[in-house]
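Lettered A, B, C and D in written order, each chain numbered from 1.
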Amino acid sequence: MSDIIKKNAWVAGLMALLFVLLILTKAIQPSFGMSGLESVARAALPFAFATAGMAVVVIVGGIDLSVASMMAVCAVTAAVLMERMAGVPAILIVLGLGFVMGLINGGLIVLTRVPDIVVTLAMLFVWEGVALLILESPGGATTEWLKQSIRGSVIPFVPNALAIIAACVALVWIPLRRSKLGISIYATGSDELAAFRSGVAVGRTKIVAYGVCGMFCAFGGLSLASLTGIGEPVPGPYLMASVAAVVLGGVVLGGGRGGLLGPIIAVFILRIVRTILTLLAVDPNVTTIIEGTIMVGVVMLGTAATLRGARK
Amino acid sequence: MNANQILDASGIAKSFGAVKALVDASLSVSEGEIVALMGANGAGKSTFVKIITGALTPDSGKVLIRGKQARVGSPAEARRSGLVPVYQEPSLIPDLDVADNLRLTDTPVAPFERWVKELGIEGLSLSDMVGDLPLATLRILDLARALASEPDVLLLDEMTAALPSDLVERVLKVTRQQADKGMGVIYVSHRFNEISELCDRATVLRDGQTVGDLVIEPGVEDRAVELMLGQRLDLAAREVNTTRGTIGDTPRVRVKGVAIAPKVTDISFDMYPGEVLGVVALEGQGQDELFECLAGFMPPTAGSIEVNGTTTAFRHPADAIAAGVKFVPGDRADALLAQRSVRENIALPFSARMSSWGWLKMRHERERVEHAIDRLQIDTRAQGEVQRLSGGNQQKVTIGRWLATGVETLLLFDPTRGIDVRTKRQIYPLVRELAEQGSSVLFYTSELEEIPLACDRAVVIFNGRVVDIIDAENADEQTLLRAAYGLTAQEGAA
Amino acid sequence: MNMATTDSSMVRFGRFLRDNPVIPLLAFLVLMIAVLEVIRPGIVTPFRAGRDGLISTFWVGNLIKFAIPLAMLAACQVLTMLTAGIDLSAGIVATVAAFVCATLSSIWGPVPAVLIAMSMGLVVGVVNGIGVGVVRVHPLIMTLGTGLIATGCMQVYQRLVINAGSEIPAVLSWLGTGRTLSMPNGLFLFVPFALFVFWLMRFTGFGRLLFALGSNENAAKLSGVRAWQVYVALYALSGLIAALAGLLYLGMIRQTSLSLASPLLLPSVAAAVIGGTSIFGGRGSFAGAIVGALIIRVLDTMLTLMQMPEGARTMLFGLIILTVTAIYVRITGSR
Amino acid sequence: ADYSIGISNTVQGNGWREQMICAMRAQALVEDDVSNLIVAHRNTDSAGQLEDLNNLIEAGVDAIVLNPSNPDALNSALEMAMEKGIVVVAVDAGVSAEGAYILSNNQEEYAYLGAKWLFEQVGGKGDIVYMRGIAGVSADSDRDNGFKRALEEFPGINIVHEVFTGWQQDQGKQQMFDYLATGIPFDGVWTSGIDNVIVDAFVESGAPLVPIVGADNAGFVQYLTEVDGLTGAAVTNPGSVGGAGVALAVDILNGKAPAEKTVLVDPVLWENASDGGRATITAAQNPNLDPEWPVSVTVPGWTDYTMDQIIACKGPGDS
């Protein structure tokens, strides 16, 4: 009971923080409006998907160091395919590819019994290599409508990019979360032995969770391709950022606890902080320091609050 | 052989590396039959249960279900075949609420709730996070979940070990009822009184081998013990060491008006050097909090604790240890370094203080550790990792740690949980011996019959308050139980 | 109680490997070197290429030389992983130490420069330790954060010393580039260091506590361990080791850079895990990590010398790391 | 006027880029019309640069000077900027967005020039070690084109070894050690700017030096004059092109836009094989400079700051 309250308090706290930051942005730059919001949402796209994927595998008790590389594979594949075929089949192929890459990660973890972090560290290099083999240097082209779809806003006051994040995450995650498979994912992350004894097919659950992660990475790769209009084979800075957002978002490393909403809010917080620092013309080196401090500081505050809560 | 036979396992063998947990084990159960599975710590009972229910695969042997050869590959398959276990360690998922735990095993909710009520757990909500529930409740939930799936055979592995007496009674009653309705039960326990009350038959394991099958009748206990241990042990000699501690002038520990929000409201007692002080309480009367408070895990919200005449305020178990107060918790998972060796587990307190971060004193350490292992007869075949020891042997390691360092004040929270008869017989004298050497021992046990065997006096706690203090001579089970239920509540005791 | 156990020789061999997990790793190392020799005949055994020498001491020395800083950073990972932690700031601490040392040497001379560089490591380490041990932030986040902060500070500092030039203290150059009996002088630092780490892990109370905290922090607390003291000491030590590795690396590369040792971070984690250290705590070996570092270095060389598209090379690197650990896990039965 | 200029760069912690940023700051400081400089400078990919560009647009800058991570990936933000009347100047590499000004080092020419010199130096035939930058990055691909162009002109030249240094000093040094250890002879080394550690590798391993081509980094230029037996060439690739970009942006804002949208700064080659070349190098070298910094700290005709100003690395508003 108290756990549920604690968990939701964390998400609510993050939400409040995001709100405060938005107000702060408006105060600093009175002209900040819909277009600013849109650009924040667009910038958040790849981070949000990387984070969602990472969150799923962290919940199942693992970690996936290859998210950025998988995104690169998906981005170059998308860019290469879209040069040759229509957007929709290309998107479907890329989503399938992401899912399969994730399944491979998970399958290797389960089959070899090598710890997640080692397997995905190795796969980080493998997928990076695959991306380079597909496209040696940046190139390809993304379908025009896809590039347009992430701009502007169809629903008033909701940037398309935000709607896309919400829709994609909700479409994959909510049905999953409500299903028995979703419960199995939490169970496996919480206590693998007890889950096994409760009849959970632990191996299969892990593989599927990694598959879902791969699928989110495919969304991430597609969003990179639609942002830039091309495919870049070199992985971007999404690995560490996603780990940080997952932890900031209240998912416990080690598994079993947390959801996707918190981490995604955390992504937005980190993006808006960068916007604020740019608006304030803060020295970029100091920006690095501030970002590090915020990351550590928020988690510190959070742990301190939870510890105090637990003591009472 | 028997038309009603549900399960027949025979010739089961299982090795873990060099450790042969099971060599040739067999067991059968028929409809309506309750079969006890007996054996000393490490005999292979839990391993056997796990194999039957698909949590482990045997190296050899066969399992017949209703006369047909069956391959039970996983716990899920076992469940579908009607074999449902309650394992020695809780198997609920801590980060899921009760409802999700039920969904995970496809357990119907309505019968589950009925069973929970029947087993005497009040005020449970399906949205409670399992990790927040106390151990005893978890055991009951495990059982209720098993019962709700209407098994053909129910396997209970030391189901009652962590339960206080009131809940034990309920469990026994419910089990009997279900057996009468045709369910087969395999019942693992170290408690003879439960077995003789409940079971029809007993299968005895020794060193991984089935060494006998007994019909439960009066006087069968001696025979069972002989089979279990391969030697005679006089069960009638219940008296342990009769030298009782002397109650001197300065108490070793004086607990004065201690309250710990929200459960404990007012606890006071004195504990003297050379005394073993029993604690008697039903489930959840505040005994857990009392022990944790004395051990330095949490400060009292009111009242004071004096050790050797000085008032103390422990902020960390290290403070308590420095004051000579040492704690063996009830849940051994809390106390053990699962992946480390027996030796490191026992020697852990030696390195705790900053001043001992340098060179290890290997010789000194080995001597102390070996002494503790000897004294508790820890089965060290799988000593490389404590998690590979049997449940009872793990329990012994938690006690051994403090034997090795020496104790002034020892807080034992249900130390004989899951320990076999012979070792229990060794633990009581051990506790008495410690007392004779001048230590004080606070001894909570869920088995009331242990109180007169080991203690000088017993504090009875009910609803967070001390309701009575009873001398050992008068502490027969009846009296204690009545007191524990708050029936003899004398106002102003202590 | 004791049963007469008659083990087959297979079982006994399996147990032997399990108790000495370094041995299969060493076998892998030898295997990889053999493969390298096949790919480039003469690189390890020059006589096959018509040059002098049975074994190329230059090549072996070189292998060891570049494995040393990697192994030192892997020590940071092994030690922190024992407590189920990790030190992601190690690469940056090493870089900062090297950068600070090189730039300050030309201003204040080598001794103060080295001392200040080491104290940078200490400061970051103590902050990590307080964050992890007292405030209880997850080590991954804590060290990632301090790493970012340290990077930012170094960038700010960098702008102050653009025209200070840089100077590599002679001792460091000697350690980093010199050779004695064809072996790198870095061994004069590394051998005592490795012995120290072995001693710390095996023969001290502190080492015991690292394993204990990684296995079950609650049990350690129950036994009277004040975990925060251990964490602060551990991360401070890790920071010092990282700074030392950075200084040695500076002597080897003889060039400052704002990202000098940062690329060693992931390989150092890889070396630790290849060497059988569990990131979940409670199990680890430095000997394994050293062999892990050597394996990674041989692999690097192998891939450098193989002519193939960069993508295939990167892919192969990952696949080999995975294969090595998978076979290793299979043989030793450990996870 | 009272201009606010935004800077965007995606590689941090590399001497060349740091010099570029300092040149931008110094130039903005000496321009009278610039009152505010917003610098977005971090390690990121094209998507991250898009984010930074959008943030700069939000901040209401008058001009953006960027070092693009990719010529084609940034069009959406750059087009939006130009729609809003913001002047866009790409330095170091080009962008394909219509209407953007480009002031760039000619990367293809950079590689061609050095490679051609090297191939001539070894007599038109021999075995060359080709040490590239980061696979899959635009600048590396451009340089590869230039290198291949030179290669076609010299059929006698054979590439015995091609490797990516990742533009990392330690990696480059280690790779050179590895290659030297094979004992395979070769006649020259072309590097993509990881240069002085390569010389170190030869010296430390006792291998005979071969001609080496690098960039005009302070450390390498110094080696060209100091290391005995080293024949080599440094191809200029000034990071100070960033300062030129700021100057160009201000000119455009003041209505003095150049006729051509694209201005290529062509590299120059300094070699130490001839007396004339050695004199150039001696004049250029600057031992006090950070060894990773290119010695060409100014772009004559473009930048107006002094040596002290670029080293101070302060922009308008910095104390």
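Methods note: a contact is a pair of C-beta atoms (placed from the backbone, for glycine too) under 8 Å apart; a residue touches a chain by one contact, two chains touch by 3 or more.
All values derive from a computational prediction rather than experimental measurement.
Touching subunit A and subunit B at once are the following chains: C. Chain pair with the larger contact count among A-C and C-D is A-C, by C-beta pairs in contact. Greatest centre-to-centre distance from subunit C is found for B, with centres as Cα means. Separating the centre of subunit B from that of subunit D, both taken as means of CA atoms, is a distance of 72 Å. Note: centroid distance subunit A to subunit C, computed from Cα atoms, is 30 Å. With centres taken as mean Cα positions, subunit D sits 33 Å from subunit C. If you average the CA atoms of subunit B and of subunit C, the two centres end up 44 Å from each other.
For subunit C, residues touching at least two other chains, in rising order: 151, 155, 159, 310-311. Multi-chain contact residues of subunit A (touching two or more other chains) are listed as 131-132, 136, 233, 283-285, 287-288.
Among all residues of subunit D, those that touch two or more other chains are 12, 135-136. Interchain contacts (touch definition given at top) occur between A-B, A-C, A-D, B-C, C-D. By the touch rule above, subunit D contacts subunit A in their complex via residues 12, 36-48, 50-52, 54-60, 70, 72-76, 134-138, 140-141, 317-318.
Taken together, the subunit C residues at the contact with subunit A in this complex read 131, 135-138, 140-142, 144-149, 151-153, 155-156, 159, 266, 269-270, 273-274, 278-280, 309-319, 321-322, 325-326, 329-330, 335. Those residues of subunit A lying in contact with subunit C across their complex are 108, 112-115, 117-119, 121-134, 136, 233, 240, 243-244, 247-248, 253, 283-293, 295-296, 299-300, 303-304, 307.
Of all the residues in subunit C, the ones that touch subunit B in their complex are 1-3, 5, 7, 11, 14-15, 203-206, 208-209, 211-212, 215-216, 218-226, 229, 233, 282-283. Contact residues of subunit A toward subunit B in the complex are 1-4, 180, 183-184, 186-187, 189-191, 193-201, 256-257, 311.
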